[in-house]
Amino acid sequence: MLRHINQFASPKNFYALSCKLVHYFGGACLLLFVAGVFGGLLFSPPDYQQGESVRIIYVHVPSAWMSLFVYIVMAGAGTIGLIWRIKIMDVIARSSAPLGASFTFLALATGSLWGKPMWGAWWVWDARLTSELILLFLYLGYIALQSAIEDPRMAARAGAILALIGIINIPIIHFSVEWWSTLHQGPTVSKLDAPSIHIDMLIPLLLMALAYMCYFISAVLMRARCDLLALERNSAWVGELIGERSR
Amino acid sequence: MYENTSAVLEAVRLKCVRGERLIFENVGFQLCSGEVLQIDGPNGSGKTSLLRILCGLAVAEEGEVNWKGRSINDDLAEYVREVNYIGHNNGIKSELTPLENLVVARSLMSSNREFSLMEALAQMNLSDIADIPVRKLSSGQCRRVALSRLLISQARLWILDEPFTTLDDNGRHLVQDLIATHARKGGNAVIVTHESLNLPEVILNKLTL
Amino acid sequence: MLPEIQEFFHMGGYAFYVWSSYGLCFIVLVLNIIIPLCREKVIIRSIAIQVHRKQQK
Amino acid sequence: MKSNLLDVFMTILKRDLSLGLSRSSEIANPLIFFFIVVMIFPFALGPESNLLQRIMPGVIWIAVLLSATLSLDMMFRSDFEDGSLELMLLSRYPMTLLIMAKITAHWLLTGAPLILASIFLGVLLNLPVESLLYLFITMMLGTPVLSMVGSAVMALTVGLRGGGVLLALLILPLYIPVLIFSIAAIDNAILGLPITGEIYILGALLVLAITLAPFATSTSLRIRFG
Amino acid sequence: MKSNLLDVFMTILKRDLSLGLSRSSEIANPLIFFFIVVMIFPFALGPESNLLQRIMPGVIWIAVLLSATLSLDMMFRSDFEDGSLELMLLSRYPMTLLIMAKITAHWLLTGAPLILASIFLGVLLNLPVESLLYLFITMMLGTPVLSMVGSAVMALTVGLRGGGVLLALLILPLYIPVLIFSIAAIDNAILGLPITGEIYILGALLVLAITLAPFATSTSLRIRFG
Amino acid sequence: MYENTSAVLEAVRLKCVRGERLIFENVGFQLCSGEVLQIDGPNGSGKTSLLRILCGLAVAEEGEVNWKGRSINDDLAEYVREVNYIGHNNGIKSELTPLENLVVARSLMSSNREFSLMEALAQMNLSDIADIPVRKLSSGQCRRVALSRLLISQARLWILDEPFTTLDDNGRHLVQDLIATHARKGGNAVIVTHESLNLPEVILNKLTL
């Protein structure tokens, strides 16, 4: 079993497979995005309280969700890489970090852009907002650590440990709205049993969420491919691959 | 003193890459009980890197190191007890006195309790300064403090990185005697040095990187 | 038709906030695609040079 | 063997304590820093004593957090630079044991004095008894967590150029949960609300840290020496 | 000869800048530390935005002070440890010149970015325009003083085991006035009171620091090597 | 190349006390133009302390050092320009490359502008690694970088503290050649080393502490 996984996870096979995956998920992502954006901007109703500004929800909420999700992916992949020494996982963890940081940044920025008209300020020291900011710092710390350690193997393993320690913050961010009375919206969508959101808004939102997910998969694979090439530049399969291509 | 097997320490086709550069490749040797290996080579040829691989602090890109027939990575913790590594850095705390440093060192290693610490220091000509913080000692005196760890350890394999730097002639003789005695008792030593060693009655292998 | 489009872009007075959120997302997401693409090119070229050198030797 | 392990633990503990005491700055420094940070506030906020009273527990906690961060440097840096850490990695004892000793020493040298200093300051500033009590309890639970999480992260950054502030960057986000729950406990206590939840969480963090930190630290150190 | 002096000044400046830039962490980290310190406060003090608004200028100044202190380490420590400082003392140029270059580099690498960051935070947090303006002015006057005083004290304590206490004790009486007058200026400005007094005092501190710090630093260094 | 006076460098009855301990007393020597002084002695005998006194970094408890007949403390700044000191510490920054390190060093010393920095590095066999941060170099390579300062300086008096540590044989020869050439041009050198120097056509004085 383990050998099976190892074979599948050999850099060479992964490189070939990821090429296909990038295309599939990239295509899906494009379609979903178009559908989601049209749905969100044209076909969904304005909110009776927030008016048209509610349309920010279609970019804010998926970004915020992804910012949490990507962290979990990063920590998970890092741990697998750490324990079973699977190079691919190291690479995926490493490539997730900038994407996660981007999503976090987007959640913060779109949140601010939404907060200004809603709360009258770009920024309030609310628990969820601040903990999202911490998440950004966690990502930045991870990236800083990776760039401070030159040996890639060592960097990946150190990063995995850091990500694991930092995962304690994820539940805090998620539950912060419940634990502290805050300005920020409580769970509206993610209450699974009875989403308290209009179906016309829910559908584009879910479309966008899916689009983000597909985007993440294809983007992380693209990054991983680069890292893999750079890491394995001295190995035989890269030589063959590039040799064939340049011929 | 130790049981006599063939090839206690064996390095097989080691390869070392640092950064992007290949440092060495296909390096191997075998040491039987009681043999000493001297490693030499120009600056930057990878002697220090090789030693760190041998004592398990770094992992080789390829190849392996065997101790008594088993790869050292099988049971690193076990292997490490048999090793005494003294690197470029002395591994002593400059706030503590030589004696205090040895107390700590002894508690960390499989040490030779019969041998008193003061005796060890005396043998390295350090008894006068056993109670002066190391920070106030000269470079050669510091090196002597580090090397006095050899006296209190029961490790079978000594791995020494340029042990003679900043030592005076007396110090060099002392350390060579130590190594020779250790080898004659069946111990092993791997030593990086540019100087020629004088170890009577000891089989001295050489490896040039 | 035209007033409708204008109204659409006006976003009920929230034009700045809405369009800059969408714009920002667009920019960041696209950047995250372009950067690895460029990097891949650079890496492949440097490996190609390396391979070439090896073959010449 | 068991008593042997204890022996080694005690030797390392003693060594670190006597090192810390001999560089007296290493205890005094975080303390002085702590007092400074707390004392700056009256300057920054003006002398409204109600306001100060209200925020003092928070300010004290922040000051503790920052000084704990600063003091982390002493845990591994010099051992890394002079090669002692390699010695420990190559010792015949499990690294986790040695690390536990080092963490204990670190807490005794920084955490404990900081707790005393906080209580002292609290009394000086006339904090209400509940505040004081829960300040004490949360610190007893929280500061060891700081030392332990700190040791793991410190092990990751030791010897890296610019490691000092990289450390701060990595570690402060990780300290924030401790801060949040401690402050919540103190605030609730003042308002007469139940606080068992927060105390439990702090306790859980402590247990988690005790079980995981030594392993995380020794793994990190091995990684750094790769 | 004069252009020669300028040459050397520029070489050292460039060296320190490129060192700082190459260890990019040394610029980025104090900045991030600064943001984190500011960010911690809402956790400790609760989310009452009025309160936070009121104390923000003070908090920002405190954060600047702390990050400036942390970054002092990079000015001499590594030069001391690897022997570069001896080289400089044995160079054919006056030590004061070299020190001026080092101080300038340090300020450019830490003080200037911190000022920008403070203003950025101020805007983000909706500080009133007066606060912002005087935050900027006081920082322009104050941060160079921090670098200079820091260099002199750092020079005295560099390489001393236990120099840290000395550093904190010596630096404090000199840093606190900068803080007090800056905050007084900002507070007065918000209240519409005259602030020329405070600004003059800050200016005087700056002039004093510029004239004395290089000499104090080079003397301290000579003493340390004596 | 330099004017020929008798006794360019002279040490008169130097006494050194560190902490409470007397390290040496009544130490003196005279060096004429073109002469080299080798200092030797057991560890802790005060060789490094003596060198630091000679180059003005430390002050002797008693006695004085004269340069061209005047006490060096009369015009330390002037004297210091004629000195090139390379101590135990290399005085190079580990983040900079060897080349960058030399650029800084050149701007600090009275340097020989004709001699290009790359040539200096090439002469020390460092041209391959001129652009790698020093932190990634081996100990001997670092020592070479430090020693390449000798090539670009115009200082008349070289003061070297164990220059050969961690150098390989090739490096030792190189440095000895450098010293010999310098001395034959009329320069002076004071060198602490435990090894025997081989400087053809040069007057070599010895001082044992």
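Points worth noting:
Order as written gives the chain letters A, B, C, D, E and F; numbering starts at 1 within each chain.
The rule is simple: contacts are C-beta pairs under 8 Å (C-beta built on N, C-alpha and C of every residue); 3 or more make two chains touch, one makes a residue touch a chain.
Computed from a predicted model, the values in this text were never measured in an experiment.
Greatest centre-to-centre distance from subunit A is found for F, with centres as Cα means. Pairwise, the chains sharing the most contacting C-beta pairs are D-E. In this structure subunit D contacts its sequence twin subunit E using mostly the same residue numbers, the overlap exceeding half.
One finds 32 Å separating the Cα centroids of subunit A and subunit D.
Measuring from the averaged C-alpha position of subunit B to that of subunit C gives a distance of 56 Å.
Taking each chain's centre as the mean of its C-alpha atoms, subunit C lies 39 Å from subunit E. Per-chain CA centroids place subunit A at a distance of 58 Å from subunit F.
For subunit F, residues touching at least two other chains, in rising order: 88, 94-95.
Of all residues in subunit E, those that touch two or more other chains are 23, 25, 29, 32, 36, 41, 43, 161. For subunit A, the set of residues that touch two or more other chains comprises 134, 137, 140, 144, 148.
Note for the complex: subunit B touches subunit D at residues 55-59, 77, 80-81, 83-85, 87-96, 100, 103-105, 107-110, 133. Contact residues of subunit A toward subunit D in the complex are 82, 131, 134, 137-138, 140-141, 144-145, 148-149, 151, 153-154, 157-158, 161-162, 164-166, 168-169, 172. Residues 8, 11-14, 17-18, 20-22, 24-25, 28-29, 31-33, 36-37, 39-40, 43-44, 46-48, 50-52, 54-55 of subunit C are the ones touching subunit A in the complex. Note for the complex: subunit E touches subunit F at residues 7-8, 11-12, 15, 18-19, 22-23, 78-79, 81-84, 86-94, 98, 225-226. Residue ranges on subunit E touching subunit A, taken from their complex, read 25, 28-29, 32, 35-36, 39, 41-43, 47, 49, 52, 124-126.
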